[in-house]
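Letters A, B, C and D mark the chains as written, and numbering starts fresh at 1 in each.
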Amino acid sequence: MIIVMQSQASDADIEHVISRIEELGLKAHLSKGTERTVIGVIGDERLIKKDQFSLLPRVENVIPILKPYKLASRDFKAADSVVDVAGVKIGGKRIAVMAGPCSVESERQLMATAHAVKASGASLLRGGAYKPRTSPYAFQGLGEDGLKLLAKAREETGLGIVTEVMESAEVDLVAEYADLLQVGARNMQNSKLLRTLSLIRKPILLKRNFSATLNEFLMSAEYILFGGNDQVILCERGIRTFVEYTRNTLDLNVVPAVKQLSHLPIIVDPSHGTGRHDLILPMSRAAIAAGADGLIIEVHPEPAEALSDGDQSLTPKAFDRLMKEAGTIARAMGREL
Amino acid sequence: MIIVMQSQASDADIEHVISRIEELGLKAHLSKGTERTVIGVIGDERLIKKDQFSLLPRVENVIPILKPYKLASRDFKAADSVVDVAGVKIGGKRIAVMAGPCSVESERQLMATAHAVKASGASLLRGGAYKPRTSPYAFQGLGEDGLKLLAKAREETGLGIVTEVMESAEVDLVAEYADLLQVGARNMQNSKLLRTLSLIRKPILLKRNFSATLNEFLMSAEYILFGGNDQVILCERGIRTFVEYTRNTLDLNVVPAVKQLSHLPIIVDPSHGTGRHDLILPMSRAAIAAGADGLIIEVHPEPAEALSDGDQSLTPKAFDRLMKEAGTIARAMGREL
Amino acid sequence: MIIVMQSQASDADIEHVISRIEELGLKAHLSKGTERTVIGVIGDERLIKKDQFSLLPRVENVIPILKPYKLASRDFKAADSVVDVAGVKIGGKRIAVMAGPCSVESERQLMATAHAVKASGASLLRGGAYKPRTSPYAFQGLGEDGLKLLAKAREETGLGIVTEVMESAEVDLVAEYADLLQVGARNMQNSKLLRTLSLIRKPILLKRNFSATLNEFLMSAEYILFGGNDQVILCERGIRTFVEYTRNTLDLNVVPAVKQLSHLPIIVDPSHGTGRHDLILPMSRAAIAAGADGLIIEVHPEPAEALSDGDQSLTPKAFDRLMKEAGTIARAMGREL
Amino acid sequence: MIIVMQSQASDADIEHVISRIEELGLKAHLSKGTERTVIGVIGDERLIKKDQFSLLPRVENVIPILKPYKLASRDFKAADSVVDVAGVKIGGKRIAVMAGPCSVESERQLMATAHAVKASGASLLRGGAYKPRTSPYAFQGLGEDGLKLLAKAREETGLGIVTEVMESAEVDLVAEYADLLQVGARNMQNSKLLRTLSLIRKPILLKRNFSATLNEFLMSAEYILFGGNDQVILCERGIRTFVEYTRNTLDLNVVPAVKQLSHLPIIVDPSHGTGRHDLILPMSRAAIAAGADGLIIEVHPEPAEALSDGDQSLTPKAFDRLMKEAGTIARAMGREL
């Protein structure tokens, strides 16, 4: 941590900061520049609070030097992590595609989708049983009945299932059914949920909140790793910007950025990321070309009848085309799909 | 709801849309313009899903006409709502100031703060027992012990208490202690928590998520109202923008905007809204001049020792000055503080 | 244009709006819904100002139906436009790569770069003679001397040149030297510059402002088309968001979005778009996979010595690798590079 | 400037950085922490380019210590600057209100507005002769005829005039007529215009670009100060965020922030800042309570007939009410209006 003193700081002000640093059992390192005096704080930065210094007299600024996360960083683990979800390896050479409806609506809808996405080559089946909705007037999901239908679809198709868990009290129930537990974007910083998930032995799909910085995203992964669960897959699903043409702005820059900073795999959700079914195909290709380890795509047999997210769902036929085009890009990248 | 057809839409395309509208038991109203045909859908818009039409062939756009919320709107209730929190009326002539530490840290810290803010004229005592933190390495709050200390502070000072509840399973426990239950910004769209809070008989302080639009903010209030709890107070606490000087961008525009669209009271949190103790005073004055019904301010006896949010906390002395200056603006607005 | 009346609007209020519409020589079309009366305005929407109606009593909202641009739209011209820049076709099957230094600094620097990018397969040479800089203390460009060096590099290498023009008074001078005149992001809405460029017979590279919506971007193209210059190439170069890891957030979503709405070609600038040399390669691949018609890349023989933008420049060697990898993706897309 | 080395940096990497620093005639100051080595660069930071170091091997990050502006800072000049515009002092005890139409449309419109705002107590008359418009189909201003009408209005009312200048070639012409030359938000970083304005002897009103950070805003002021013109008034007019209810998000936080960092006066434009006439009054009060030195307000005798910005213009009657309410807040702040 670096403490920058104001230009008017006196020797006494500087002494005051140094004695505070030493009081805390840390070491100070002084550097007098032409316009500012700068004091380095030597010690474990994650245990130092910025405001222990920023509020002292004549302190202009306190600048952290280290990233706030440790277990999620490449410094901690240089090799790419590969997460196994029901036999599907995520983070390796093969690009994984998770597909299925936004919400589980009925047995008929789910089975039709599951068989279709399986036939097109999807690796995992997604579907929501608990739905976080903006409006109290909207469909809120089938709950445990939805989970049972997902389990049945797994039995019929052999596809592992991905589904969202919305609060810590439901973790055990959802973990009974799911192969991969999804933390939705709105829950990315639900610390109690993250802590509970850190204690189970199932892989976690952590979606980026639509206004999370990269540091915040990786800090949420850190919560899960810190508790002892190292099976974390990250997912970019669009950020909130001033842009209005797309529902969100899919931020593909985060894919190579995560690859630099972290060993964790990252997949991309172009359905939520754009909110427009007609942008899913090109943005899926782009995600793979940017280096993503997988895709998660909303597919519905009849999007215009969907109880949620119809606008951003593909028909099975459009999904089949996506798999072919995405496969071509994957091969150009030296990967498989 | 208005359906705009593409310029190339044929009569058959238009007929298709109309028959779909009628299938759903609604009425269609056709209008041919010079460049586009537009079809009005007549019926209860809150029950119609946009994508039932947007995915039909040759539909260019589907535009909602009504606001998505109803119970929270001025159309539904023209008069200002006034919420009673432990005898303090919020939304009336008197501006309410809630003050206290970010986190309850110890009995000594809490009592010192409680007595100080009471002496300066605060109406309610704030303090966090359950803390949503970005980092797993940071202080996570005292939990129920914190609630007990808050209850003790109420006993000693007579100030009603405001504290955050973080998930539905904890609502009963927190409601036992708190006079006003706070939904934090990160939980603004936690639909299960909102539904649980809609069933209790205590007032709720709903903080705006840092990337929530006004519609989303009012839709979260709608969840609570819809379940039967009409004691909702809104709180603006800063939005996430590209601006880096302040931790968040306090959006005071939302204050008069809420006053136009809704009957609910709204207060402002300049501590989180700016993240800088040295901006709290001017932004508090501005909040009152914009028409806010109250303030919520972080106060700590020794900000540099605070376990959280020291940077955005006032000392008791600075808070006392704030109360005086805010009072002057309140009186210029024809209100009291 | 659709006028939505407030729920309290009386028959007289509605009549008032209708007579105003008719006064303006337009036709009104009335539709009474269950909660709101809606009035359609029939006539050329581009000539109607929204506030002619929005300020009338009891008007709740005025909603435009048409896109504000016409000549830039796919409705106006269905086939892709192809722009010829010094014999290089942009918008066709072949993906064009423009490369070169941020600023022209010296003959030695420019020639070294020009020969290198030519050898790696670039189609055009970029380089700035007039530089818009944030700081008055920074290098501001060589001006006309820089243009002369660019002309010399063209002579030596045969590469057409792309360079920025910063104000209308300089258009003639820059047009004398450049094959493609660039409007920088900061000038995207400089209407006088756009109007001047609309009157010349050289192709224009229009960069998206970092906070421009898609409508605003296409409206700036409309200025140039409206004046009679139909040789416009769009360029995405990153938008400003809350994200701090990248200098800007490269918004690849705009590429397929432009392809839907407009016939104009669009290229991508991953140097400015990310501000990080280590993200240029993956984002270049992603841009092509998203459907971009070209790339514009900063290359400098010694980035650490560059007078501007070193952080986001590739070395000639890294650029050579980019050309190979981008070529592989281009071929997977059925295109060439 | 602080250079942070990667954790894997060897002694040779560190030596390499140090010798580079010394090559540039600067001094290095080494500090070895528990996880990172940090090197301070001692010398005039404004002359050092970050990428001279950030591209060296094993450098993780380069962090500037100083603000990039100097002449605009409080460090440079501690006392508040007061700018005299045609006898009106801006930045002192009295709050200045500039009012008038968005565009000068006709003599009748301008004179009616000028007399009305003068009667209500405005200090200066605003009005646009050159208009930067998003659409080529919109009214582009009267040009020099507009300037002449403004001069005539000054003669009749005695009010000094404020009007926009859009490019460097027009500075002399506009300076002949205007008392205060406005740089519009879109031109905030037009460096040639800023340089030209730095050479004249008239005061400048510099509007913040809608996506400018505070540093960028002050750097644009620095351009004008650096050239020798110290009569700069800053103006906040709303930033672009995800919020859609208001046209822009008026960022009042910037007012006290500018007061901390700079000696320059700052005024607020709630017309552009919100884009809604019904929010101008509360946000004007809030601006004054936040510490603004003035307001600039759009007023039109018949907003529904305005050729531009009718939606965000006040009628003379509403402006008169605003002056009264703003005056009450000004007095509560110990100022006058």
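Just so we're on the same page, a contact is a pair of C-beta atoms (placed from the backbone, for glycine too) under 8 Å apart; a residue touches a chain by one contact, two chains touch by 3 or more.
Remember, it's a predicted structure, so these values are computed and weren't measured experimentally.
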Chain pair showing more contacts of the two, C-D and B-C: C-D
Chain located farthest away, centre of subunit D as origin (C-alpha): A
Approximate Å spacing (C-alpha centroids) for the pair subunit A, subunit C: 31
Subunit B-subunit C separation of Cα centroids, rounded to whole Å: 38
Centre-to-centre distance between subunit D and subunit C (centres being mean Cα positions), rounded to whole Å: 26
For subunit B, residues contacting two or more additional chains: 211, 240-242, 244
Sites on subunit A touched by subunit D in the complex: 2, 4, 7, 29, 31-36, 38, 40, 42-45, 61, 63, 65-66, 75, 240-242, 244
Touch list for subunit A against partner subunit B, complex: 46-47, 49-56, 68, 132-137, 140, 166-169, 186-187, 189-195, 210-211, 216, 219, 222-223, 226-227, 240, 277, 303-307, 309-311
Subunit B-touching residues of subunit D, taken from the complex the two chains share: 211, 213-215, 239, 241-246, 249-257, 260, 273-274, 278-279, 282-283, 285-291, 328-329, 331-333
